Amino acid sequence: MTSHTTLRVRYPEVDRMGVAYHAHYFVWFEMARTEWMREAGRSYRELEDEDGVAFPVVRAGARYRASARYDERLEVTAKLESIGGSRIRFEYELRRLGEPDRLLATGFTEHATVGRDGRPIRMPDGLYRRLSEKEMAT
Amino acid sequence: MTSHTTLRVRYPEVDRMGVAYHAHYFVWFEMARTEWMREAGRSYRELEDEDGVAFPVVRAGARYRASARYDERLEVTAKLESIGGSRIRFEYELRRLGEPDRLLATGFTEHATVGRDGRPIRMPDGLYRRLSEKEMAT
Amino acid sequence: MTSHTTLRVRYPEVDRMGVAYHAHYFVWFEMARTEWMREAGRSYRELEDEDGVAFPVVRAGARYRASARYDERLEVTAKLESIGGSRIRFEYELRRLGEPDRLLATGFTEHATVGRDGRPIRMPDGLYRRLSEKEMAT
Amino acid sequence: MTSHTTLRVRYPEVDRMGVAYHAHYFVWFEMARTEWMREAGRSYRELEDEDGVAFPVVRAGARYRASARYDERLEVTAKLESIGGSRIRFEYELRRLGEPDRLLATGFTEHATVGRDGRPIRMPDGLYRRLSEKEMAT
């Protein structure tokens, strides 16, 4: 199951070379991940504020294939690649809107599961089930 | 040869969990890379503005081991890990200032070499020599 | 004539107090201004890239009335408040989407008109007319 | 009493025109304000974490006189302009390091005083005294 998020490249996201700065891609990835969670039935905000569960990033990576430029409309997809007792891995793809065959970038993030005090916890059962089911849905 | 850069975690770099947001680490890595280039005898600004050479990021990755928090003083080290005709790879380590034995994060970036028009070029000989020599220096 | 832009507060835009960091409001204002220009018939990107005209900010201000929080959907409105030979002033209002009666923030930006070399120029006649007409439209 | 903070303009702080993006100045102002507070004997982090007092921005403004560019070293000064029972106003000046006679920008921020729950409070007496004394010091 893949979530799609669209965005327009903002002026301050572009560097003096006129292309989107590489660190911002991780922000865009997060926007897609946030939508993925929301579609899985529980927003990231609810998870943090109500369930006391957070998913800090423990690894992240990106491969940049072609530049994104100011004011371009982009589409980011996120999908849950794997989920274990306390680890989640998401993968991302970035394209220009309307150019489905041309990847601008790919990336991934791996997350731990922590409680309110920042210490690792097992993922709550209900959450694990909900995420796994969305992962499986086709 | 390693370059050291220090910084203090800024208020807007910290998220609602009170820890530095993962994308900003790539900005910090860049600050250390910039210093590395400067120490190698040619600032990144001179390279772009005078030599017409830029080094866009083609891959980047980070592993987050422990959190950095608001107002903490950090030290980032950068070193050139490899250099080919048109590729450069830097590696980074992040620590709290005064805590040399505790890694907060590690990371890397790989860069292409492009000219003013954004197209790949071989690295100019003089630049290649200068960077290689700094890489070798011990 | 007012332009409306919607956005969702991003995770890294929120600080450790859980509210949107004040500097980001100016980015949101710019998003609304960009849409205003686009609706006036010429995108900011076209102005910079094709016409060689840019509008650097010379003054900016904001009044923060109520907090915006993570994941909230906001609406920003921009309107051209005045336009002279070389100065433009925009005003902004920020609200939660669906809460039209409650202002979260107001702001303004004043812009100079500069050419490709960064020096002040009079605004090109065609552009002046187009912007003035949109200003007048009701 | 004025606090001085130095910084180097970062790559992602510069826009496609090659100059520092206007919203980032407010981040730099905050860095100087943070140092001012630290020199007044209580860091902003301690205030928030230990005293449960925060100073959200209620108004902010800047006047941009000349551009700051990538990799330039800047100096920001902050001074407390006024302090009342629940309001504080800081003023800022931005210059290139080593160019004391040329202002790049000026700005101000006004802050409310709030407690842990985000509601306005009177400033604690001890804090008020400490800040007022630093304001008076010459």
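The first chain written gets the first letter, and so on, giving A, B, C and D; residue counts start at 1 in each chain.
Assume contacts are C-beta pairs under 8 Å (C-beta built on N, C-alpha and C of every residue); 3 or more make two chains touch, one makes a residue touch a chain.
As the structure is a prediction and not an experimental result, all values here were calculated from the model.
The chain pair with the larger count of C-beta pairs in contact, out of A-C and A-B, is A-B. For the touching copies chain A and chain D, the fraction of interface residue numbers used by both exceeds half; the interface is of the same-residue type. Distance between Cα centroids is largest for the pairing of chain A with D. In whole angstrom, the spacing between the mean C-alpha positions of chain A and chain B is 24. For the pair chain A and chain D, the distance between C-alpha centroids works out to 33 Å. Mean C-alpha position of chain A lies 28 Å from that of chain C. Residue positions of chain D with contacts to 2 or more other chains are 11-12, 16-17, 23-24, 27, 30, 70. Contact residues on chain D toward chain B in their complex (touch as defined above): 8, 10-12, 27, 30-31, 34, 43-45, 70-71.
For chain B in complex with chain A, the touching residues are 16-17, 19, 22-24, 26-27, 30, 48, 54, 56-65, 67, 109, 118. By the touch criterion given at the top, residues 11-12, 14-18, 21, 23-24, 70 of chain D touch chain A in their complex.
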